[in-house]
Amino acid sequence: MVRTEVAVVGAGPAGLSAAIECARAGAKVTLIDENAKPGGQLFKQIHKFFGSREHRAGIRGIRIGEELLAEAQALNIDVWLNAEVCGIYRGSELWVVVDHSESRLVKADAIIIATGATENAVSFNGWSLPGVMGAGAAQTMINLHRVLPGNRIMMIGSGNVGVIVSYQLMQAGAEVAAIVEAAPRLGGYGVHTAKVRRAGVPFYTSHTVLEARGSDHVESAVIVQLDDKWQPVAGTEKEFDVDTICIAAGLTPLIELAAGAGCSTCFIPALGGHIPAHDEKMRTSLDTVYIAGDIAGVEEASTAMEEGRLAGIHAAAALGHYGTDEESRRSAEVWKRLSTLRSGPFGQKRREAKDEILNSRRTLSERV
Amino acid sequence: MKMDEKKEMKNDKDRLICRCEEITLGEIEQAIDEGCTTLNEVKRRTRAGMGLCQSRTCSKQIARIIAQKTGKPLSEIMPVTSRPPARPVKIDVFRTGESNEESN
Amino acid sequence: MKRVIEHPVLGRLEDAKEVKISVDGKEMTAREGEMIAAALFANGKNVFRYTNKRHEPRGVYCGIGRCTDCVMIVNGVPNVRTCVTPVEAGMVIETQQGIGHWGEEGSGDRGGEDGTH
Amino acid sequence: MKGQYDVIIIGSGIIGLSSGYYLSRSGKKVLVLDRSEFGSGSSGACDDMILLQSKKAGVTLELAMESLELYRGLGDELGCDLGFKQMGGMILIENQRDLAVMQEFVEQQQACGLNVDIVGRSEMRRRQPNINDKFIASTYSADDGQVDPLMVMKGFIAAGKELGMEVSYQEGVIGIDRDGRGDWKVTTALGVTVRAENLVIAAGAWSGKIGELLDIDIPVQPKKGQLLITEKIPPVGETNLWTASYVVTKLKPELAEQEEPDPVKKELGLGFSFTRTVDGNYLIGSTREHVGFDKRATFEAVEALSNQVVDIIPLMKHVHIIRHIAGFRPEVKDGRIILGEWPGMEGLFVATGHEGDGIAMAPITGKLVDDYVCRRELPKKVAELNPQRVLV
């Protein structure tokens, strides 16, 4: 059995930031991640971030990941890789399996869960054929494993993930035959969308995928137009010769560890669905359990990092590493940056959704 | 035209929803018709979500199907009961752990 | 289905030790430590198993160890998630049929009567 | 769901549903109420065994044998597959002391008409080639079987509904009274009131809580059991398995007390059960804990259960656990079920206390509840199960 003060689950942008913040405050931190490399999605994000300068606009995700890692290393944070957290018991015990072969029990005074989000599935006839995969799977294959999963790709979904992964597939040498979007309008940020459009990729709005065809592997994909009631219009089917269909249908917060630990949840569609209820300190309904990043509502790497810092500051303070004044001061700084990030047309919606969660948490604690 | 539509409907019933247990849309809709209104119930009736991935891929789709068929808001369709392990775990992981402790 | 050797952002693929693995009895070359699924993709293999009920082909779906679609028999043990299991020299990998069977390393040859369909 | 019924059953686990089905078959208008969802209680958190061998010779064993007979024809009767199979069962014996206890036990069972024997090492290994060498002998009964509890429940519901049975979920009972005409008046948490001449409490481990609404003490305790579920794998042996120590501790708890030196295992009440479901998943049990209604899985249990199965069947070390569940056996101190009309309360029937045998005993229990409610003549032996005995 291993004792630590703060156990952080997930070494993506939120988890790394949380761990760094705790370690800076002087807490003993164990950072646990199931992947061989820390950084979470950052190491798949080879595109440049944008936003304000202080949020590292213009810097690629991989670069941010490297900086965070260097900082974590300098702070002597104990990082466990290839380590899957399989369960959380009694709000303080983590069952960790390392290298798929060795079980460890970790006892922590506080736990920060930063497990991120998982890709939504879309089902259609033939979607279980080899060659149909999540956009994230394709991204992992090209940017992490450096293997192309196919040569001619159809992307389902025109949100940021859809257009960014499409572009990255092209950078890796694949051809993107079409990007299909069920909504009448494209979903991604203009900058990313324009890049793909300039490269000559056709977009099909108000279209959906009807079927993946092939005997043992995808050989073609059939799409169909949707009317204003989202019903397929007969006779508008188009068949594309593709060997790969990627699904980019949005993300859902990965809450199973938190839910299994006993954290109450609330339902916020704008942030991806069921989310652990949490307060402005990122604390869940369990006093010792905090969350940060996409698990607390799907947003972006930059907000995930700020939320990680918040969780880190408050967890450290709860363990006595900061006095109340220090805690408030540090927390206020982060909140200021978070508010900037959540301003503007895209951020507004998320800020409202976040407020809804904070309110539901308040109701929750009043009830208890 | 009508025939074609029918054919498509039929095909749609055969569409897989739970990839692990190979449970179709038709089977899930039948369970809902028989009175299931929660993810846990659909799971226990059809085995959708009982496979190797433990509903991690299909549960959100099933929630949507329940909502569509019953009119229940998505907010009231709770996630399936979360139980450890969060990943498939080899049974002998504890033995390795033990021997490691001894050698430390 | 090929390796991304040159990349405009990530640069050239670093060299890695090459190892031999056996896939359905055929020898393939892999980069030591890469995920089995990546090695199979690089070698042009994309059907990893056939399902239990409908006997349909499956491959990689989520790529990060969650969906369990990419499982194969590895060194005689069924249901190994190939997208999160690193390659080792001499690994014996088989396309899994249904729930699979116990290989020699698994059990000393103890296949089940309904385990092979 | 409204108005007047012949029978209201509280609890839609396998016992409540079996009772509901047999009563509906007798022409009764039945309503089954459940406070939660389909399969949310112990019937959805247990193993799948119809284990005759673990039962002491006497009324329980005789009823279990009758229940098995009912299961044989039940799939056809209900018109659906119940996953019923008889692959046999074996209780592995590790030492001479356990062998002696089991020999005596088996002889009594044989006298009761059960098809069971003690087999030696070679037959044991032929049927179970993958078990640890330490076992010296085993029992074997070809009659032990299994069903899929969820499929049985689904079958009872489908067939019962054809006969007019109603099942209502999310209807926790919060009040029970008699109305002016002498009918039971049941109020649910949603504020609905329903009436019936007869009331059956089949709420498993929660039956005591229902009893409180009537000011009666139904002495069932929740005995928590934790189980591991594996991925689907090829069979590792021919039959389902238990170890004698599991049975011996049940028969002679005093022996177990002295034996278990590991305080964690002792606290968990660790025993061994091992069965392969019709779908190919193994269910690996189990613990016996008195911790109230705390349903959380514990780290101690997953560790102990995992190590135990690898010790008994080394091949299992390659297998993955995909789920760790817990449920509550309804336990009665004297080890017998509570079945019959509550003394002094006409029209109130109780069917609970099956501990780990609810699945095996479901058909016969339902049939007997039907006999009780319909005032048919009952076999003498069931008097031993009468609630009279648990009144203080």
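When the chains are written out, they are named A, B, C and D in that same order, and each has its own residue count from 1.
Note that in this section a contact is a pair of C-beta atoms (placed from the backbone, for glycine too) under 8 Å apart; a residue touches a chain by one contact, two chains touch by 3 or more.
Just so we're clear, the structure is a prediction, and the values are computed from it rather than from any experiment.
Colleague: Can you name the chain whose C-alpha mean lies closest to the mean of all the C-alpha atoms?
Modeller: So the chain nearest the centre of the shown protein is B.
Colleague: Could you state the distance in Å from the CA-based centre of subunit A to that of subunit B?
Modeller: Chain centres of subunit A and subunit B, defined by C-alpha means, are spaced 22 Å apart.
Colleague: Nearest whole angstrom, what separates the Cα centre of subunit B from the Cα centre of subunit D?
Modeller: The computed centroid separation for subunit B versus subunit D comes out at 26 Å.
Colleague: Would you mind pulling out the distance in Å between where the CA atoms of subunit B average out and where those of subunit C do?
Modeller: Inter-chain centre distance comes to 25 Å.
Colleague: Provide the C-alpha centroid distance between subunit C and subunit D, rounded to the nearest whole angstrom.
Modeller: Spacing between the chain centres: roughly 41 Å.
Colleague: For subunit D, what residues touch not just one other chain but two or more?
Modeller: 231-232, 297, 302-303, 318, 320, 324
Colleague: By residue number and range, which residues of subunit B touch two or more other chains?
Modeller: Within subunit B, residues 19, 52, 56-57, 83-85, 87-90, 92-94 contact more than one other chain.
Colleague: Note the residues in subunit A that touch 2 or more other chains, in rising order.
Modeller: Residues 34, 87, 95, 100, 103, 118, 128 of subunit A touch two or more partner chains.
Colleague: What pattern do the touching chains form: line, ring, star, complete or other?
Modeller: complete
Colleague: In their complex, what parts of subunit A are in touch with subunit C?
Modeller: Those residues of subunit A that touch subunit C are 34-36, 46, 60, 62, 100, 118-119, 128-134, 136-138, 140-143, 145-151, 171-173, 216-217.
Colleague: Hey, which residues of subunit B end up touching subunit D in the complex?
Modeller: Against subunit D, subunit B makes touches at 34-38, 40-41, 44-45, 47, 50, 52, 54, 83-85, 88-95, 98.
Colleague: Going by the contact rule at the top, pick out the subunit D residues touching subunit C in the complex.
Modeller: Answer in residue numbers: 129-130, 231-236, 280, 315, 318, 320.
Colleague: Inside the complex, what are the residues of subunit D that reach subunit B?
Modeller: 37-40, 44, 150, 154, 157-158, 167, 169, 228, 230-232, 279, 297, 302-303, 306-307, 309-310, 316-325
Colleague: Which residues of subunit B touch subunit C in the complex?
Modeller: Its residues touching subunit C are 19-22, 51-53, 56-57, 87-88.
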